[in-house]
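To keep things simple, chains are lettered A, B, C and D as they appear, and every chain counts its residues starting from 1.
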Amino acid sequence: MPTESKVAKLSDISKIIKDGDTVAIGGSWLGSHPMAVIREIIRQKIKNLTAITVVGSIDVDLLIGAGCLSRLMFSFVSMEAFGLAPNFRRAIEKEGLPYDEITGLAVIIGLEAGGRNVPFLPYRGPFGSDLVKFRPEFYKEIKCPFTGEDLIAAAAIVPDVAIIHATRADNTGNVQIDGTSGTDVEMMRAAKKRIVSVEEIVSPEEIRRNPAKTKIPGFQVDMVIEAPLGAHPCSCAPDYVFDPWHIMKYMQAAMSPETFQQYIDEYVMKPEFEYLEAIGGMKQAAILRRLAREVKFL
Amino acid sequence: MTQYAKDYSVGELMCVTLAREIDDGDVVVLGSFTPLAYASYILAKITHAPNSTLLAYAAVDFKPFQLSFIRAESSATRGAACIWTMLEDLNSVHLKGRGDVEAISSIQADGYGNINLSAVGEYDSPKLRGPGGAGAPEVIKMHRKMIGYFPNHSKMTFVPKVDVITGTRYVIGAEERIKAGYRPGPIRYITNLAVISKEEKDKPFKIDSLHSGVSAEQVVENTGFELEVPKDIPETEKPTKEQVRLLREEVDPYGTMAFDFKPGKERLGYLNEILQKELEAIGYA
Amino acid sequence: MTQYAKDYSVGELMCVTLAREIDDGDVVVLGSFTPLAYASYILAKITHAPNSTLLAYAAVDFKPFQLSFIRAESSATRGAACIWTMLEDLNSVHLKGRGDVEAISSIQADGYGNINLSAVGEYDSPKLRGPGGAGAPEVIKMHRKMIGYFPNHSKMTFVPKVDVITGTRYVIGAEERIKAGYRPGPIRYITNLAVISKEEKDKPFKIDSLHSGVSAEQVVENTGFELEVPKDIPETEKPTKEQVRLLREEVDPYGTMAFDFKPGKERLGYLNEILQKELEAIGYA
Amino acid sequence: MPTESKVAKLSDISKIIKDGDTVAIGGSWLGSHPMAVIREIIRQKIKNLTAITVVGSIDVDLLIGAGCLSRLMFSFVSMEAFGLAPNFRRAIEKEGLPYDEITGLAVIIGLEAGGRNVPFLPYRGPFGSDLVKFRPEFYKEIKCPFTGEDLIAAAAIVPDVAIIHATRADNTGNVQIDGTSGTDVEMMRAAKKRIVSVEEIVSPEEIRRNPAKTKIPGFQVDMVIEAPLGAHPCSCAPDYVFDPWHIMKYMQAAMSPETFQQYIDEYVMKPEFEYLEAIGGMKQAAILRRLAREVKFL
């Protein structure tokens, strides 16, 4: 009997992601966000999502700007050196987007708890933080049953779907991440359904040549999509860097809802390979890959 | 005899001062990409702290690299001795309090050891929605030292009480820290004017040192919370000639560090300059 | 038409019966090295369950390999798609109840779903100190099915009440399991005489099938706890010709599986035979 | 400034392991136990140790037989297909060795808790097991502060010393494990001091060629010892298999305290390289390595 393949097309994501789902988004900072899948969510007009991010940037900001979110859970959203995230700010400051701001470790530990089927995990958490006070559904002060010490319980987080972008996978879903994994592994463990986009789909033999690189085994993956440069304009280290030129364009566009709608029309609402041409095609890809290779150690 | 530099920027002084916080053997976590902090750690690693372990992105114990605006992540990844998930970081460094330094910045800070990265104004309808704290609210308690750096020492930043406590050191005094299972260490803020520290819960921040040409009055005037002003405050140790040379020639030849000190309207132009230099370096300009 | 084998050992029958417990897509954890169980999983993987995921030692999703007494670990490791620590196993498989089967053996088992791998006699001054349960006391609750195999069906093993409850299924009925966050599945013991199952807390084990030539009375006589004996008990499905061929020629040509069925005094001699064959295979005999 | 080296000789272990220490022993089943270090403990007559093992075999049995232990924490000790562990059985059945038998997951989770500086971690633990009842200092029934669900708290375990055997390390202590890691990583995180013996010490550059293989970074290691075939008679997968011929000899010797003392004298109480000659030297090493390579996939 042959093994079944989990390989699918970008357009297939709506078989898994539904209106109203809670979606954990992998990657962190400007690194390895599953941008091709995020653009596809916008193309397919999937709405009313609750996004979960630990360290988000353009992934979350784009979803907010495109009107796909009805709620956001985050510990950090920023365009890093490019400034604060414009749509994120506008949505919270002006448009009343409901959100849960949870400290970074509590999100990670919450996902860990979700992945291991416990309703909470304790840690020496952020006592004294207002965030603990504001969101009692995510934090409870408890005492150790052995020592009596004060601890904070972080509530389990179980997303409906996790979406991540990785270096490579085989058709059974064994995923290798050569660089920044953020909380990708924890999100995939915690979620009920999982989608991974990868730079390339390789043979199971290729995966087995270096099993140490495999961070997520196939049984934790439901769908594999090949999406070269699929993290753009974010990086996928160590293969390519983030695209500062495109991000500057994005920041400019995101200054107002009107100009942002133009950005969406111009870049997002077209097939993914046309997006890649629009951002500079082969030459831009070559630059971003070359920059990632040309590093100097001291 | 140590040869101090005569010509250095305030950014370089802050960078070197932060580097001096790294002891040899320290475990140092690089959070969000902030050129000044990254340059500090790399400078420390190639000078007085070769046995320090640097962590950034997924990279653990990476080789020190030349800073660039775009390439920090791929540099760290390509030089890593080990590749971790965030949970592995937590389990190995953060939760155990094994981290020594992860310098943080903040929109507001007050005299209690609180930081605010969440919101200016009301939490639910803020004037400014900040980025959030990522791991900062927790690691400022767990790490041996709580180090912050503030390129713009002012009453806008150093407020009597932060609008929102995103995080706080919580356990401050040495005894209290040991009792709570953490290593003792100060809260220390390195600013464009001075270095200030707090070591006890019930005592205010104290001026440790003043940068050359800065008066204690100037610091007090620009700080919105109480400061202890000792009688004789030393001058902040200047960068050495060698440190300045290393920063300019080896660690940060593209001048990414200066980015943090540019006024808002000059930033974009300066960034384009840096990016152009990076393209030139790979022959694509 | 399925061609059943006429000539097979009781070990081969048990092995094939265990293999049939694996559904395609299952996650199967190989614990301590037990040739019969290992052979079962590999047989399932190369026949009806190609999408099952096998885990052994640190190896995840390893390629099915030819069994050998000495080389199971290096075979699994060399064919692995992923290399994990035990904690990663826990976090991904065990705690979440994502495991389907990890067949266990036990010194004693009773009608309540308890197993004893700890001690025969008093816990603190035992007649026989057992090896302990490793993860078995916990995973028999967490995995979808609790499968045990017992090469020697007798009242020595199947006792009214185990001397020590090393572990127990705890949540048994389907409804109770779903409520507790686990997938429903039976307790099922495959023995040298029969297959018996328990699916409800308050109902006894029931005889599912009898091996060819075994009577229900024989099973009842050799079981120290109550058994439900249905009117018409089917015969345990025989191994197919192809299954027996695969076991003998591909999966276990060294005959390691038979080791479990040798009487104590013959074991050492049989082991030496197997080892000699393994040496011959690499030209070192 | 040059970096400091953590490389030491086998005889240096007594700088770290002291009489009366609690020692977590890495490896599992018949795989990757730090046997060279265990033999050295016996040679140096370090006594009154409390050993912690998750899945132990000859490592624990040898220490018990040599009289080094005053207490044992374990979830499983067995010589696998070779039978029950003879010294372990004798010590508990006849000699009253004090022990804590803890279920496997509780030991692992306890070590995890120790490593992350929390006094306990909760899980859907072994309700109904007598072991929970027998050792209340390691188990407490608790309720989730969010959902009210019943859970079991596993107490943190913090060993004085962890000893593991691995594939390779550099002189700063970055450790790579190509095969079975058991709970090595968790033990190293939890322990106050850590010793790793390795098949080979390699350059930091060699380690950085495949960072995905690095399971333990240098800052979690205090001492690195080169000990080729250092897991013998256990395996170090995928490099060499366990030595069934030696283990049979061991099982024979362990049948009585008298014959076991002869085994100790003949094999253990000599320098490690003489041990390696005694068990068959280069030829035996070649056989064990060759067997590990000659595997057949179906």
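Descriptive notes on the structure:
Note that in this section a contact is a pair of C-beta atoms (placed from the backbone, for glycine too) under 8 Å apart; a residue touches a chain by one contact, two chains touch by 3 or more.
This structure is a prediction, so every number in the text was calculated from the model and none was measured.
For the pair subunit B and subunit D, the distance between C-alpha centroids works out to 41 Å. Once the centre of each chain is set as its mean CA position, subunit C and subunit D turn out to be 27 Å apart.
One simple way to say how far apart two chains are is to compare their mean CA positions; for subunit B and subunit C this gives 57 Å.
Counting only residues that touch two or more partner chains, subunit D has 112, 116-118, 123-124, 178, 212, 215. Of all residues in subunit B, those that touch two or more other chains are 63, 79, 83, 90, 95, 181.
Taken together, the touching pairs give a contact graph of some other shape, not a line, ring, star or complete one.
Across the assembly, chains come into contact as A-B, A-C, A-D, B-D, C-D. Of all residues in subunit C, those touching subunit D in their complex are 32-35, 42, 46, 57-58, 63-66, 68-71, 73-79, 83-87, 90, 94-95, 114, 118, 123, 125-139, 141-142, 164-168, 170, 180-181, 250-251, 259, 268, 271, 275, 278-279, 281-282, 284.
Remark: subunit B residues 24, 27, 47-48, 50-51, 53, 59-61, 63, 79-83, 90-92, 95-98, 181 touch subunit D in the complex.
Those residues of subunit A that touch subunit B in the complex are listed here as 28-31, 54-55, 74-78, 80-81, 84-85, 88-89, 92-93, 101, 103-106, 108-109, 112, 123-131, 134, 177-186, 215, 235, 237-238, 240-242, 244-245, 248, 286-287, 290-298. Those residues of subunit A whose C-beta lies close enough to touch subunit D in the complex are 116-124, 137, 140, 142, 144-147, 149, 151, 153, 155-156, 178, 210, 212-213. Across the complex, subunit D meets subunit B through its residues 1-4, 112, 115-118, 170, 172, 174, 189, 204, 207-208, 211-212, 214-220.
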